[in-house]
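Okay, handing you the structure first.
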Amino acid sequence: MSSNQRFKLFSDPVHGFISVPKNVIMDLVQTPEVQRLRRIRQLGVGHLVFPGAEHTRFNHALGAMALMQDALANLTEKGTPVRPEEQTAALAVALLHDVGHGAFSHTLEHELIEDFSHEDMSRVLLTDLNERMDGALDLALAMFDDTYDRPFFHQLVSSQLDMDRLDYLRRDSFYTGVAEGEVGVQRLLKTMRVHPLSGGADAEVMIEAKGIYAVENFLISRRLMYWQAYLHKTVLAGDELLRGILRRAQTHLDAGPAPDWLQRGSRALLFFLDHDVHADAIETPEVRDHYLQLDDTDVLFSLKQWMRGPDPVLADLCHRFVNRVFLRVRFLSERPDEAQIDAWRADVADWLVAEGLVPRSEAAAAARHYLTLNVSRHTAYDSDEELIGILGRDGTARELSEMADTTTISDLTGFVEKPYVCFPKPVDLELGAVSEG
Amino acid sequence: MSSNQRFKLFSDPVHGFISVPKNVIMDLVQTPEVQRLRRIRQLGVGHLVFPGAEHTRFNHALGAMALMQDALANLTEKGTPVRPEEQTAALAVALLHDVGHGAFSHTLEHELIEDFSHEDMSRVLLTDLNERMDGALDLALAMFDDTYDRPFFHQLVSSQLDMDRLDYLRRDSFYTGVAEGEVGVQRLLKTMRVHPLSGGADAEVMIEAKGIYAVENFLISRRLMYWQAYLHKTVLAGDELLRGILRRAQTHLDAGPAPDWLQRGSRALLFFLDHDVHADAIETPEVRDHYLQLDDTDVLFSLKQWMRGPDPVLADLCHRFVNRVFLRVRFLSERPDEAQIDAWRADVADWLVAEGLVPRSEAAAAARHYLTLNVSRHTAYDSDEELIGILGRDGTARELSEMADTTTISDLTGFVEKPYVCFPKPVDLELGAVSEG
Amino acid sequence: MSSNQRFKLFSDPVHGFISVPKNVIMDLVQTPEVQRLRRIRQLGVGHLVFPGAEHTRFNHALGAMALMQDALANLTEKGTPVRPEEQTAALAVALLHDVGHGAFSHTLEHELIEDFSHEDMSRVLLTDLNERMDGALDLALAMFDDTYDRPFFHQLVSSQLDMDRLDYLRRDSFYTGVAEGEVGVQRLLKTMRVHPLSGGADAEVMIEAKGIYAVENFLISRRLMYWQAYLHKTVLAGDELLRGILRRAQTHLDAGPAPDWLQRGSRALLFFLDHDVHADAIETPEVRDHYLQLDDTDVLFSLKQWMRGPDPVLADLCHRFVNRVFLRVRFLSERPDEAQIDAWRADVADWLVAEGLVPRSEAAAAARHYLTLNVSRHTAYDSDEELIGILGRDGTARELSEMADTTTISDLTGFVEKPYVCFPKPVDLELGAVSEG
Amino acid sequence: MSSNQRFKLFSDPVHGFISVPKNVIMDLVQTPEVQRLRRIRQLGVGHLVFPGAEHTRFNHALGAMALMQDALANLTEKGTPVRPEEQTAALAVALLHDVGHGAFSHTLEHELIEDFSHEDMSRVLLTDLNERMDGALDLALAMFDDTYDRPFFHQLVSSQLDMDRLDYLRRDSFYTGVAEGEVGVQRLLKTMRVHPLSGGADAEVMIEAKGIYAVENFLISRRLMYWQAYLHKTVLAGDELLRGILRRAQTHLDAGPAPDWLQRGSRALLFFLDHDVHADAIETPEVRDHYLQLDDTDVLFSLKQWMRGPDPVLADLCHRFVNRVFLRVRFLSERPDEAQIDAWRADVADWLVAEGLVPRSEAAAAARHYLTLNVSRHTAYDSDEELIGILGRDGTARELSEMADTTTISDLTGFVEKPYVCFPKPVDLELGAVSEG
C-alpha cells in the first residue's frame, strides 16, 4: 500500500464508506480491546427478536467515530476551529466510548460485577491503552473525563445528543427494520453549532432553531426504539432468561467447588459467577483480564454445554435460550404484592412438577427461576441530565423545552416505568386487573 | 402482450413495482382526467424549496392504489373477506380520491373557485367517468360517498389513517429527503384490522395494540412534515407570491376586457380569473372543462409571458416566481392590528418607489401585493374527525388517546396556528417583539 | 442568517444534504440560466414511462457539483492539493456543464437548431455569465475548455467517468426505480487518484486497481440504463411523437405566416420552428434569448393548445402526447428498404382514412408523421474517447481493457445499433422476420 | 394471540416484514435444526472484512422463504395455479434448502468431513424432520429431490436463478455495503413464468424477454460479489488461517489422546478433528448429532482457549484469527512449482525462528501452516448446470446466451481460476513476475 494512502476504508451499510485515519486511530482499531467488540452484539439478545440485528459493538464504535468526523467537519465549516490533535483525540474517544461494554451488553451488565458501570470500565481500558501508547491518548482521556477546556468535545461523546446515540439509533433502526426509529442524523449534524453558554442550556453544543423538529423527532424516535426494540417484551423475556441461567449456575458454585460439567463452560464466565466481584475492583489485573476474555461467545458456548448437564432446571433454561423457547412477559399496571407473587410461583411450581422437570421438593426453588418480576424504565429526554440547547436566529440560546412549538417535549421528560412478570407460557397465570397488553 | 398478462407494471421508486390490473382500473389510468394528474405537482410550489420533490399527483394516485392492494390483502389474511368487485371498486376510489385537484394543488385551491373543495370536484369527475363507463364505478361511488354498507372501505380512502395519507407522507418524505417524515407504512398496514364498532372509536378499521407506536409515529411524522415541508417558510413565501400574481392579473380583468398581452397566458387560467366562479357551478360543463384544461403548465407558462408584459408590478412578481426570488416570510406571535399593517405597507411602498418599480401614486396599491398577512394551520390528530381505534389483545376497542402509553397524543390534537407576514427581503421591517424565527 | 453560515443546504433524496458555498457558486445557482434548468426534466419524455422520474436538470446540476466536492476532498486526502480558487472553478464547471441543455433535453436537441450540440451552448452561456461576473469564471472556462494546465479538472467534468455521468446514472436509477442501474459512486470516488500520464491511459484521473470491479459495474450499469430506461421502447415512442409534432407544426409555418391558432403556442418555440437556425448562430442575442426562454413548459403548453386546433393530424398527435396514447415502437434486425417503408406507409394511410382522420388526398402526407424510422445507438465504453486508466499497486498505469480480469470490457466497447419503426398500434404492420422484441 | 392471526411477522431489514404462516412452516422455524442457523454466519469469515455483515443463515433461510412466497404469488397471477399443499411444501424447501450448512459455512465445509456436501446434509436433516413430523414434508422432499412432477418447484429452489441465490445476493450486498452487487430481485420475480420445455432451455421456469437485462445484471452482480466479497483477498486470508488452525490442532490429536488444554475447546469440534469422518457416514446418529451441536460459537470459543495453550504455533495462529492479524494473500498468475514453494517456505521458516516463535528444528513443520497455496474459482453462469431460459414475446423459449443483445453472457460462462499464496506480511517473499495485485 503506497504511502499516500492515509485512510483505511471500511464498508458500512449504514454510513457507506468509513475512513479510518492511519494513525493512532487505526492502531486503536487493531488492539485486542477493540477487536473484542466484534464478539459482543450491540443489542444483547435483540437478534433473537429481530433476526437482522446481529450487528456488533465494533460496528457501532466505527460508526460513532465516523459521525464524529462529520460533526467536526460541520463545526469547522461554521467557524469553530479544530486542531489536528483535537481531531484525533475526539475520534479516539468516539471509537472507545463504549469499549468497556461486556458480554451481552446491558443484559448482564449488573449481573457479573456489583455496582458496575460500563463507562467506568471504558475509562480503565482507555487508561491502559494510553499507557501502552505512551500517552498518545492523554487528550482523549481529558475529553472523556470532561476536564479539557473546550467542553464541547465531551458533549459530542457524552450528552443527550451525542455521536453514540446518533449512531446507535440510526444503526439499530436500520438493522432491526423498525423504520419508525429512523433519525435524520445528517440534519442534526448540519444544524449543530458551538456556542458560549447562556440561557437555560448548559452545553456548548447547540442546535440551530431550524433543526428543532429534527431534535424532537430524534427524542421521539429514541423513545419509540425503546418500547419497540430495546424493551420489546420478547427482548425482556430473553434478558430475564439469560439472567436466570446465570443465577441458577451460581447456585452450584455457592454449594462448593465447580463440578466438572459446569467447568465445560467458559472459565472467564465462571470466574465472575464464582467471585463476588465489585466495581471497586475493575482496575485489578485479574478482574480486567477475565473481563476482556469474556464475550458473547463464552456465554453462548457455556449454555450449549450446560443444556447437556445434570441439573434439569439449568439444562431446561439453557435449552430455552439456545433454541429460543422463551418464557412469556406480561406488563402489569402495578407491581404485585408478595402474596400475589407467592401464589403465582405456587402455580408455576405445580406446573414444573406436572411436567416432570423437578420433584416436588425442589419445585419451590426452581419456580424462582421460572417466574420473575422486573420493571422496564425509560426517559426519552432526561431533565436531570445535560439539557439540549437551541440557538435562535437572534443568537440567544434557550433550553429545548422552552421553545414555543415543541409542546410535546414536556411529555418526553417523564420517567416511564412498566412493571412486568415473566413466566412459562403454558402456565395459565391469573393476572387479573393488573395485566395490560 | 399475451393474454395472461393480467397486470401492467409501473416502476415506482417508493413502492417498487406497482401492479395495475388490466381491467377498469387500467382503463381509468388511461383517461385524460387521470393523465392530467401527471401535470400537477404533488407539493404545489414545494419543488422550489426541495429540488428533488417534482413528483406529481399521478404518481401519488398510483401509490395510494398500490397501498390499497396491500391493505386489502392484509385484511383478507386476517379474516375479512373482500369480493372481487369490492376489490376493484376500492382500487378505483384510491386511484381517483384526489382526481379533483387543480393546478398547483392546495396553493390555488381557494383562489380560482369560491368555496371550492377538491373532494367535491373529485366527486363530479367520478360521476362523469362512471357515466362514460356505463356504471362501472357505481360501487366505487358508494364507497366514496360512504353509503356502502361495509363502511371500512370508505375509511380506507378517507380517514385519519387512510391510503391517501399513508402514501403522501411516505412519498413526500422520500422525495423531499426529509428523513424524519418516514412512516412505517408496512407496519401500519400489517396491524390493520376490521372490527365492529364499539368503545370510543367510530371507525371499523382499527389498529392492533402492537401497532400503537407506529400510529403515534405516523401522527408525529405528519406533524413534522407539516412544519418542515408543507408549511416550510419558503413554501409559504412561494404560495403567497403565486396568489399575489393571480390577484394582480385579476386587477387588469376587473378594469375591462383582457388586454392582448395578458391573453398570451393560458385561456383556461384567464377563464377563472375573469369569472367569479363559485363552487356551486363546478358541475356545469363550461367550468368543468376549463378546470380540466388547467394544470401547472398553464400557470407557469402564463407567468413566463406576463414577466415580459407592460405592468411592472405583475412583471416583477412573475419574474420573482420564475427565477425564484421569493419574498421573505416571518412568523409572528400574534396577528398584528391594522395600524401596524398600514405602517409596514408604507415602508414597503417607500421601497417600491425607491427601487423605481412604481411611481408614488401607484405605490400604495402595489404594496398590497408585496406585503401580505396570512396564517398557517395544522392539527396532527383531529379530534373532530373520525378517531383512530386501537384494538386491544383482549378484543376491546378503544380510542387512540385513551391508551395508556400515548401520553403525547393529547398534544397532537390541538390546532396550531402561526400567523405570518410576507414582504420583500431588502425592506427592513420593524417586526419588534412579535417576530419569532 | 448569520455571517458564519458559509453554505446553503439543499435537501436531496439522492445525496442527502448538498452544501452550496455562499460565494460565486451560490450566485450562479441564483441566475436565471441555472434556475431555468428547473423547468427541463432530466429524462425528456422518460417520466411518461417511469412515473417517478420527474427530476430536473437543476437537481442533476446540483448533484454533479456535490460529487465534485466529494471527488476533490478524496483527491486531496490522497495527496493531490487543490487550491481554493481551483475548488471554486471546478464546482462552477460541474454545476454548469449542462447549462446549455434545452427543452426536453436530448429529444429536441437536433430538432430546433441544425448541427446543435448542447456543450457548445453551455460554453456560450458560461462565457455570458463570466462577463456578467467580471471574469469570476475565467478559470472555470479554462477547465471547461481543457486549456488549464492541470487537465485532471477537465477530466472530472468531461470524460467516461466524470461527475456528470456518476450523478446522472445514480440519480436516474434512483428516480426510475431501475435498481440494476445502481452505481457504487462512493467506491469510485474513493478509488480515484491523480497520476501522471503513462501506459495506455490518456487521462490523469485514474482508478486504483481495487476499484476495477466498480468501474466495470459502472460501465455495465450505464449500458443497462441505456437499454432499460434511456432507450426504452416507449421512451423512443414518446421521442418520435414529439419530434413528429414539431415537424407537422412546421409544415404550417412553411406554408406562410403562422396562423393565429398556432400562435396560441409558445412564441419561443415558434421562433425556432419558423427560422432555420444553425448552430453557427447560437451566440447571437436573438437565438440565445429565445433559447433561454424555451423550456418544457413551452412545449407542453403549445401541445395543449394545438390539440384544440384546426389541423386534425396535429391535433391528434398532440392529443396522443398529452394523454399518453403513444405510437408503437418495434425494433428491426435491419433497416428496411424504401419499398418496404412505402408499403408500410400505405397501410398506415389506409388506416388514417378509415379512422376518418384525414381525407384520402392528405393521407400519404399524414402517414409520414405516423410511421417513422429511426435507429437507437449506444456504446457503454467508447474506445475512441479518452480511455479509463487503472493504477496498479505497483504504480504502473494501464488502460482498463488491458487488465486481466475484465474480460467483459471488450464487449462493452462495440457500438450497438438498433433500427426501429414507429407506427400506430391498431395498424397490423407486416413486420415479417425483421422484427425482434 | 387471537386465532385469526394466521402469520407470524418477522421484521427484516432487507425484505421488510416477512410473514411466516402459522402451520408446519412456523413449526419448522422453531426446530433446533433451524434455530441453529442463527449461530452460523452467512459469510463465514466475511464479517472480519465487512464489519456490517454479521448476518446469519437463519436470516437468509427466512429471506429465501419470503422470496418463494413472492415468486409463487407472481406465477399464480400469470396463470400457473399453485395448490395450498404445494405452497407449503415449496416454502418448506426454501426455508430448509441450506439447513445442512455447518459452522463457518463454506470455509470448513471440506475440512471436517471428507467429500462432504452441505446439500446432502440438508437432505438428511429434511428426512429426519419429516419423520418427526409424520410425513408432513413428503411433498417438500419430492421437490427437493426433483422427483415431483411439476419440476418448476425444484427449479425455484435449485437452479441458476433460484430463491437461494436471489436472497443471498440481495442480502450479502445489503449487509456488506457492496452496492454494485445489488440485484433487481422484484423485476426478476415479476418476469418469471412457467413454460413447457422447448428450445435450448431445460428448465420450466423462464424469464420473459423484457427481464433479460435484469438476468444479465444478476449474473454480473453475482460475479462481482464473488470477486469483491466472497473471494475478497482478506476473506481468503481468513479462510486459510482458520483451516490452518484446525490442521495444526489435528497434529496434536494425531500424536495421541487429546491433551487437557486442547479439550478446553469444543468437544463437537474435536470429534470431527479426531475422527476421519467421511460423507458416507452423515446419516449415523453420532455424526449427525455432533454436526448439529457444532456452530460458529464452538469454533470461536475453541480458538479463544487454544490461544492460551502451550503450542506456540497454534496459539499464534489462534491469536491471529481472534484479533484479526491475518496473513497476506497474493494472487499469482500461475501455480508455482514445488521448488518455488520450498524456497518460499524456507524464507518463512527463517522468519519464524527469528521471531522466536519456534526453534529451528520445528520451523519447517510450522512453516507449512504459515505459507499455504490455494486457488479461488468462480463461474458466473455455468453452462454445465441447468441453463436459464428466456421466453420471447412470440412464445418461443431460447437459452439465455442465444439472445441477441446479451453479448456479454459468453464471457460469464468461463471458469475463472486464480491461484494464490498466503504468507506472513513481514516476510518479504520474492514473488517475481508471478504476482498480480
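Each chain carries a letter (A, B, C and D) given by its place in the written order, and its residues are counted from 1.
Note that a contact is a pair of C-beta atoms (placed from the backbone, for glycine too) under 8 Å apart; a residue touches a chain by one contact, two chains touch by 3 or more.
Predicted model, so just to flag it, every value in this text is computed and none were measured.
Chemist: Please state whether A-D or C-D has more C-beta contact pairs across its interface.
Modeler: Contact tally favours A-D.
Chemist: Between chain C and chain D, what's the gap in Å when you average each chain's C-alpha atoms?
Modeler: From the centre of chain C to the centre of chain D is 43 Å.
Chemist: Can you compute the centre-to-centre distance for chain A and chain C, using the mean CA position of each chain? Integer Å is fine.
Modeler: The mean C-alpha positions of chain A and chain C differ by 50 Å.
Chemist: Taking each chain's centre as the mean position of its Cα atoms, how many Å separate chain A from chain D?
Modeler: So the centroids are 32 Å from each other.
Chemist: Do you know which chain A residues sit against two or more other chains?
Modeler: Only 16-17, 178, 186-187, 393 qualify.
Chemist: Determine the shape of the graph in which chains are vertices and touching pairs are edges (line, ring, star, complete, other).
Modeler: Contact map by chain: complete.
Chemist: So in the complex, the part of chain D that touches chain A is made up of which residues?
Modeler: The contact residues of chain D facing chain A are 10-14, 16-17, 30, 32, 35, 38-39, 41, 47-48, 50-52, 54-56, 58-59, 62, 174-178, 264, 266-267, 293, 297-298, 300-301, 304, 322-325.
Chemist: Quick check: in the complex, which residue numbers of chain B touch chain D?
Modeler: 1-2, 4-7, 9, 16-17, 19, 77-79, 186-187, 190, 393, 395
Chemist: So in the complex, which bits of chain A are touching chain B?
Modeler: Residues 178-180, 182-184, 186-187, 209, 213-214, 216-217, 220-221, 224, 227-228, 392-393, 404-405, 407-408, 411-412, 414, 416, 436-437 of chain A touch chain B in their complex.
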